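Two complexes come next, and they have one chain in common, chain A, joined by chain B in the first and chain C in the second.
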Partner chain A sequence: MFRSLRPVRAGAALLAAALLSLARADTAPAQTAARQPPAGAVAIIAHPRTPVNGLTLAELRQVFLGEQRYWRDRTRIQLVARVPEASERRVVLHVIYNNMTEAQYSRFWTGKQTRVEGSSPWPAFNSETAREMVAARQGAITFVPARQTTTGVKVLRIDGKLPGDPGYPLQ
Partner chain B sequence: MRLRVLAFAFFLLPCAVPAPAQHRGPRVGGLLFAGLDFAARQKGDTGFELAQAAGLLNVGFTDHFDAVTEVTATPVDGRERIRVERLFARYAFNDALKLSAGRFHTPIAYWNTAYHHGAWLQTSVARPELIRFGTPLLPLHFAGIQAEGLLPPAPLGLGYVVAAGRGRGSDPETPGRTGELAGWDGRPAWVARVYSRPPALGRVQVGASGYLDRAVARTGTRVDERILSAHLAWEMDWPEVLAEYAHLQHRPAGSGGGWAGGEAWYVQVGGRLYGRSEGIKGYGRMERVRVSAADSLLGPLHPRYDGAVLGLRVDVTPFAMVRGELRQEQRAVTGRANSVLLEASVVLARSSDRPSLHSH
Partner chain C sequence: MLGAAGAWIVSKVPELVLQCALIVFSIVLALAVDQWQGERSDRDLALQSLDGFEREIGANRAKLEDKTDYYVTLRDVVPRMDSAGKLRTADEFYDMLGVQSFQPPALQATAWQTAVATGALRLLDYPTVDALSRAYNQQARYERVSESRMPEFLRTGTAPQGATRAMVRATLLYMDDEVREEKSLAAEFDNALAKIAAAKRREGG
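Let's turn to the complex of A and B:
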């Protein structure tokens, strides 16, 4: 008698598995939605072979201020920055560059070049170009809107957090 | 001789140390500073003159090895005097250690290594007396070997510079440029600086330097020299505060006698307006030099000085500006003098390492 129930059991197991998978599929977008970065959030992206997965905010400032010029594998850091008018650039000037204006930013890099402490970042005319530059150049790093696709690059954690996480500093 | 051997070894370093560099051909970057001055002096010339022009060329042969030169053209007696101010090659092992060999600006004063000959970068028209080109107070140029780098932890932004080579005697052919005290004893001069530039504060730096040398005075007497200096640079525009202090000491070499010397300082405070008036910046500076007559190196040069400067700088664009200042100065030799200085100045920048990857 119980033997005759075997196909029913198998069917029930299959049904349960299907329901479970449906339930998971249902909850997955909800998790993604919870991690969806806010519109103004900025992601720090780097070449995939960059030897770090995250930086503290202090280390990030050292990188973008041109103080740290090499990754720990001795690859030279190449900064890429959106040209003015980009909203993510305003966030970076505010948080990383201590409220620098565009004029101050320009003078800052002229000073760095005079002191031979670095040259100004490569300019990118849109965030997709910035991503392409970073994907193509080992050691490169830049900032893009957190909602932008990040194919071919690595999104770095800042203070252990990714864009959308509570307390993420670049938003 | 030992220095020559070390310099030769330095140039071999790039061959000996493998680096994961991605060789893409030399990167060339350049800067050109130029300007036009008008000066009205109570004691001295009045009229227009070309400001010192400075050109900087930086060639990166690899990601770790580069060479730098800074050349100036200075109007002197109706002619342009061309000088190589900085010329060095540098190998960067990493951020903690970069080795250079050549001719530098001595890291004994903040201003000297922050602005170099790029007068456009500095807020005021002229340098403070402590580090004015031609001053006998500090050896502003240095030839030799230099190590520099960053130190952990990152939040403190610590850094160091150590150099050995020729200090006072690095520029003997041009009186005044390194103190008008030409001559080299053969013993290396040493200079070291430590500083903190916390990244969280932006453009803020505090630091201290020490300098040891054996100089040769005008009389031919060999003089032991030691200089301690400290600086605070708060270049956030509002406010801008630059302050430096130097304690200078000298004694006849080998005498074992007491040190005699003096001190020099300046404090400069400025502020830039906000919004549409962001290009306007006002500034003022007080400075003082006092040296004992018993100082065996500087005493006979009577470098006593008091100065006050009040000025206004207007940045017309990020690369062009005009500025004017009123100066009141009193020197031991020439007495009190007032002057008005006006300057229009530009900076042109060029770099060859921009990629051609642009999409719209």
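Let's turn to the complex of A and C:
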């Protein structure tokens, strides 16, 4: 009935090869392995359902200064802040709060509370507690050493960069 | 019989009557103006007082809500950390949770004290004063009870070693009680704020 099955076999082999190469491309990792962030880099982490994946440094400042009090889905933003004596807190005071001292920071939030302009940050006594609080509270956001981020929270890009990327601002 | 003097007096009667009437009218007018000024001054004092209450109770309400939110979150976090073995010792407990986390919010009662001192409360209607009195009394009760209910190890930051299980349980119970009391106080604040808003509308404020 068929003069020769060779062309059919060749076509099937070509098709199989094409399908196989497509399957390999689909399973290839979407991005290269994350760069290990340098020691001293600070990651901004938020609750997994936070409706943003990144902020500019200016937007981050607005959040941390209490000027932006809600995410765009109307969830109230809750800052969680490591209490003093943490290296990541020093980075945040320097970069986000424009070199505020601890005394200035304390007065800033006391003033805001007095004027009912938002709730002051919740204290966290170590990075692990800060992460747990952010994971438990929708709308929460905090800062932790970049090498200590874990699953259960969302690491935000700042100015389009993740900790470890060249030019990441919080280090 | 009256003669010239009498005739003169009689001729002056209309003028005298007019002058008396004017004097009486001036006195009545002055009294009316004084009463109007007094009522306006009372109304201004009442509105100032209501504004002060609204600001203070609003601020207290916000601090309370913040604390309630914090405890509700910690009530999830503490058992998780405990299950993960992060709270095995008293030192770990304090390292993770600290002591300052559990301080009750600093609520103010200045507006009430000022209203009592200036007599502004007498200018407000009964339902408003009743709501304010209930709110401030409940606030004072919350502060007293909160202080007395706080476990010693949260007040002092020291605990005997080996008591961590009891510390975790006591902390969770304390937060449960605090959340309950805070929600009850918040309801009184909301009632007071509603009465203040209604009183301000009546006063035209």
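By definition in this document, the second predicted complex is superposed on the first by the 136 of 171 C-alpha atoms of A that agree within 3 Å, B and C clash if a C-alpha of one lies under 4 Å from a C-alpha of the other, contacts with A are read in each partner's own complex, and residues count from 1 in each chain.
The rule is simple: a contact is a pair of C-beta atoms (placed from the backbone, for glycine too) under 8 Å apart; a residue touches a chain by one contact, two chains touch by 3 or more.
Just so it is clear, the structure is predicted and the values come from calculations on it, not from any experiment.
Student: Sharing chain A, do chain B and chain C clash or fit in the superposition?
Tutor: clash
Student: Based on the superposed arrangement, let me know which partner A:87 touches: chain B (first), chain C (second), both, or neither?
Tutor: After superposing on A, A:87 lies clear of both chain B and chain C.
Student: Can A:106 be said to touch chain B (first), chain C (second), both, or neither?
Tutor: first
Student: Pick one for A:53: touches chain B only (first), chain C only (second), both, or neither.
Tutor: Neither: A:53 stays clear of chain B and chain C.
Student: When the two structures are laid over each other on chain A, which of chain B and chain C touches more residues of chain A?
Tutor: Answer, by number of touched residues of chain A: B.
Student: What is the contact status of A:67 with respect to chain B (first) and chain C (second): first, second, both, or neither?
Tutor: So A:67 only meets chain B here.
Student: Which listed stretch of chain B (23-31, 239-247 or 293-301) steric-clashes with chain C in the superposition?
Tutor: Answer for the clashing stretch of chain B: 23-31.
Student: After overlaying the two complexes on chain A, where does the chain B footprint on chain A coincide with the chain C footprint?
Tutor: 113-114, 116, 119-120, 122-123, 125-126, 128-129, 132-133, 136-137
Student: Per the contact definition, I'd like the list of chain B residues that touch chain A in the complex.
Tutor: 19-22, 27, 29, 31, 56, 58, 63-64, 66, 68, 90, 92-95, 113-116, 118, 120-121, 150, 153-155, 157, 159, 197, 199-203, 236-237, 278-279, 315, 318-319, 347, 349, 351, 353-355, 357-360
Student: Give every residue of chain C touching chain A within the complex, in rising order.
Tutor: Residues 55, 58-59, 62-63, 65-66, 69-70, 73-74, 76-77, 80-81, 86, 94-98, 100-101 of chain C touch chain A in their complex.
Student: Can you name the residues of chain A that touch chain C in the complex?
Tutor: 78, 83, 113-114, 116, 119-120, 122-123, 125-126, 128-129, 132-133, 136-137, 140
Student: Across the complex, what residues on chain A touch chain B?
Tutor: For chain A paired with chain B, touching residues are 56-59, 61-62, 65, 67-70, 72-76, 97-98, 100-104, 106-108, 110-111, 113-116, 119-120, 122-123, 125-126, 128-129, 132-133, 136-139.
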